[in-house]
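Alright, structures below, take your time with them.
You will see two complexes here that share chain A, one where it goes with chain B and one where it goes with chain C.
What follows is the complex of A and B.
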């Protein structure tokens, strides 16, 4: 019997090793593509690295000093404000328009299924196709949006090229692209609410809006929080739509943080300064994630 | 209140009717941009730049598609995009499946630490690390190569997390039964885990394909010549090959390019709709 148990032990050991080997490639790849670059970012922030020069020196806190002493001059505050403004608009579209769409499309017939698919579809159109499409639709002189506006007696607006409307244009593009996703997330949560809740409330004489505010909305709170956090984080990282539609302009009015990092790194070649802004931006994202996770633990209704 | 045969009141019926009308209108607004992309791609030069509204194309000729194809090496862009997508899918999915199995079934020391390491990577987006990633690629001589293009995308922590959840829901007795029949670890993954978690895997594969096909940010940074340029970046290149008024005059050609770029992902969406929707709702609920 003794040989048997030692054989078993060997088998267990071998299988443990095999399972470790299974996770090894992914762990190594994560180290190379995520943690090593993050560590490098910290190191670069203490150098005077310029992409055009071969060598670099360590300069201590010089870049951090540059950052904190001229945060206004180097556009960080302005771009952070722009990013937050974009994010607020984007979150509002997802949370509110997404919810309205979900309520509107919440009927389980074939026709409504097809309409839901169409609303969800733009998410799968790449941002470069969608971006140049919206440049065309929103073109001042010949765009179909202005053609319709004019037909209804409105003015021809300079959508992407005017300071006031450029951000609205970006939000139209990204909103069109992503609102269907929010709708689908809401709908899948709504189907999880037992219909008996609504029936019982209806029997007690609750109106549609009462049922929405007293039953649907509270039970959707985990979904709303999920959408809030994911939309917030992904909107803070916006780049593609801005790059294609406005290039950060006009006059920097749509220049977001990732665009600032990109410009510092690949236009000014000052990767040292870009590293500092990247790290501050990362710290901000991390803080938001951790705070919402903490906060959500006791504020959200998981009673389902 | 009067009840109709199905138990609906007249007011209910009116609400339903209004709901249908608004739903159709909203759907039309959402689909219109794509419709406009396709229509513009078939228009001939002189009707593109007009202030009148022509909702239908004036021709059905493929002229603009041919011009787009000849103006820039679209064929090369498509080839590059396919190659990059295949490499990324292969590494991301095989590595992801292996890791998910190891984390779901393994009991080796340090398992939890390594798993948290993978989860933690979800909080570090490429928008933060793209500069050191670029420097890494330039040190390895990978700028403007396929290797450079695929590097940041070859591992996806949230897929590992999602697949691990799926693998954990498979009962251990299936794996034990397989092992008694002589399956090794890889055999257990291939013959037991993969068939039993097919839906999750299809979702993961589709999402990977579409994300990679549409990716723009990193390819824009790492590619410099047509030899490795992918479709998304090439499309912007096509558009910017004209200047000033000529740029808008050739909108029909750019739209033809946009349609070509968009089609694979859109077709996949319609074929595999079911998997996309369930995949999202499942991840959302976790």
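What follows is the complex of A and C.
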């Protein structure tokens, strides 16, 4: 009996070791590519390194003091507001427009399949190429967007160079690029909802909208949460689209936090300060993600 | 369970931070071709150069002398990073010629994108300590911070070893490559901004004589607009070089002797008000678009005049209409600041690579090669000896007739203020002037905020 228990323990130990060895490469990869840079970021925030010099000094809390004393003067709050505004727009496009497209395209015929592919296709277009394409489309004088507007009797708009429209232009670009992805995620979740639910509800006399709000939407809530969190985080980190389309302008109206970090690090050569802003931003994202997950615990329906 | 969830959340957020920590990294990989190619044997043995002393900057012949630490003694391949794909053929041919004249050195020209991209790539390579080019072009506006940070190799010992006399470089160009008395770079792609006007279209309405004073310019803009129905002048107001010139000619100074900004000038403010009046009247377009878009408007005949770098002239010679160049007299001083690039050798390279890079820099900046470059690109010839030689200048004028006016105004070239904060300090000024002119922002409030911001930057913040 004793031998059996000892043998079992050995087997468990061996199996645990095997499992550990299996995940070790992945853990090491995450350590090297994620936690090491994070630790470096923290270290750099206590130095005066400018990214170019070989030597640097440890300056204690000087950079943190700079941040907390001059955050407004250094456009942190303005850029945080811009980032949140962009994120709200981006999340809305992905969640709502993605859902509407999914509902529209939720037919398993060849024609709809082709349309789904067309809508998803922009996901494969690199943001740099798409950005340049949109610069041409939205050009005030020669762009086809304004040509079309003019044809309809509208005015020629300064899409990327006017304060009011620049952010809308960025959202058009990123929305075009990402909405197909949201649609596909919704569609895959919709196929997982048993048709018997809808059939039973229909027999009970439920209307289409009742079935949508009482069955589809609650059962899609894990998907909505997934899209909300992933779109939120990726939108908060937007950079390429802004860099190509507006360069943060006009007058900083599309300057988001990651663009500020880039400016500090690569234009002003203050990577020490860029590290501080990155860490504050990281803390903010972490807090928002935790709050979202906590809030969703009671709201998301995981039963099927 | 809760802890595990928190841990996974932290992991997810850490991935985000990791991505942030590496932002901008996507396009900042240094090309490893040089290191890969390093050690390649040259199969084509060219003529061996003879030692010379007292040569003008960068003549092709000349070596450091036997036993000198700056002599190239082994086969070596280096990269040369330049800034514009339109010059690809020129640089490839140049490298081919240079390589065939060398026993040991092979130069590989690499287009690094625009100056911003080159700067990013170089910064990443410098921080990583690998993938550095042998010779690199850097914007005049940015090079001060690189010199200040020890990224550029001091060239004085090399000049001494190779007997290079840098006094033949035009002072206003050469000074950009020196910092605290040390030479770090040679001028190469040097330019100034000039006015371009549509001579044919303006001749039709009798306005093809470009104004030479501010008052004349205002009247000219109004008349052009009235007679052609088109925009008289489009200003690419996102170009700090253009606004720097305007600010200087309008009586403002980025930095005063006491280190604070000299933009608190009533004269400057008055000029801006008058420019705004012209914009409001539709004579002038104050455009937030890039130089390329503004250039297209000019080439399409939608605007009669623009103000951009003289180096664009080489691309504007084959149009439906004749392009005229005119000097910038739109203010009290009539200056144009020196822009463009300097070449430098990264200090992080090994000595052999630095030696090879210097030999190539010497070749690239030699009067003859520079003359060919000036004729090809409409960048400015950088040597006093070239400017003084009528036959050489005639060659440039034959290839690029309107450049004569630019060279004739060489007394009006000025160096920009040499500060590592140049671009950062110009940004609030540009935003303020653009907001006042385009958005009708309250002048005094916007101006005072701008002064505060510029002074904050100039104080080293």
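Annotations for the structure displayed:
In the analysis below, the second predicted complex is superposed on the first by the 271 of 304 C-alpha atoms of A that agree within 3 Å, B and C clash if a C-alpha of one lies under 4 Å from a C-alpha of the other, contacts with A are read in each partner's own complex, and residues count from 1 in each chain.
Definition applied: a residue touches a chain if its C-beta (ideal position, glycine included) is under 8 Å from a C-beta of that chain, and two chains touch if they have at least 3 such contacts.
Bear in mind that the values here come from a model prediction, so they are computed numbers and not experimental data.
Following the overlay on chain A, a clash is recorded for the pair chain B and chain C. In the superposition on chain A, A:148 makes contact with chain B only, while chain C stays out of contact range. In the superposed pair of complexes, A:102 makes contact with neither chain B nor chain C. In the superposed model, A:139 makes contact with both chain B and chain C. Once the two complexes are laid over each other on the shared chain, residue contacts for A:40 go to chain B and to chain C alike. Once the two complexes are overlaid on the shared chain, A:183 sits clear of chain B and of chain C alike. Of the two partner chains, chain B is the only one touched by A:244; chain C is not. Touch counts on chain A: comparing chain C and chain B, the chain ahead is B. In the superposition on chain A, A:30 contacts both chain B and chain C.
After overlaying the two complexes on the shared chain, residue contacts for A:120 are found with chain B alone; chain C is out of touch. By the touch criterion defined above, A:258 reaches both chain B and chain C.
Two complexes overlaid on chain A leave one chain B stretch from 99-107, 117-125, 153-161 or 261-269 clashing with chain C, and it is 117-125. Under the contact criterion defined above, the residues of chain A that touch both chain B in one complex and chain C in the other are 30, 33-35, 37-38, 40-41, 139, 141-142, 237, 239-240, 258, 261-262, 265-266, 275, 278-279, 281-282, 285-286, 289.
On chain A, the positions that touch chain C within their shared complex are 30, 33-35, 37-38, 40-41, 50-54, 66, 70, 73, 139-142, 158, 161, 163, 233, 236-237, 239-240, 249-252, 258, 261-262, 265-269, 275, 278-279, 281-282, 285-286, 289-290, 293. Those residues of chain B that touch chain A in the complex are listed here as 19, 22-24, 26-27, 30-31, 33-34, 36-37, 40, 48-53, 91, 95-96, 98-99, 101-103, 105-108, 111, 114, 117-118, 121, 123-125, 127-136, 151-152, 154-155, 157, 160, 184-185, 210, 213-214, 216-217, 220-221, 231-233, 235-236, 239, 248, 251, 254-255, 258-259, 261-262, 265-266, 268-270, 273, 276-277, 280-281, 284-285.
By the touch rule above, chain C contacts chain A in their complex via residues 5-6, 9-24, 26, 119-120, 123, 126-127, 145-146, 149-151, 238, 287-289, 293, 296-297, 300, 302, 348, 420, 423-424, 431, 434-435, 438-439, 453, 456, 461. By the touch rule above, chain A contacts chain B in their complex via residues 15-23, 25-27, 29-38, 40-41, 44, 101, 104-105, 107, 112, 115, 117-122, 124-134, 136-137, 139, 141-142, 144, 147-148, 150-151, 176, 180-181, 184-185, 188-189, 192, 223, 226, 237, 239-240, 243-244, 258, 261-262, 265-266, 271, 274-275, 278-279, 281-282, 285-286, 289.
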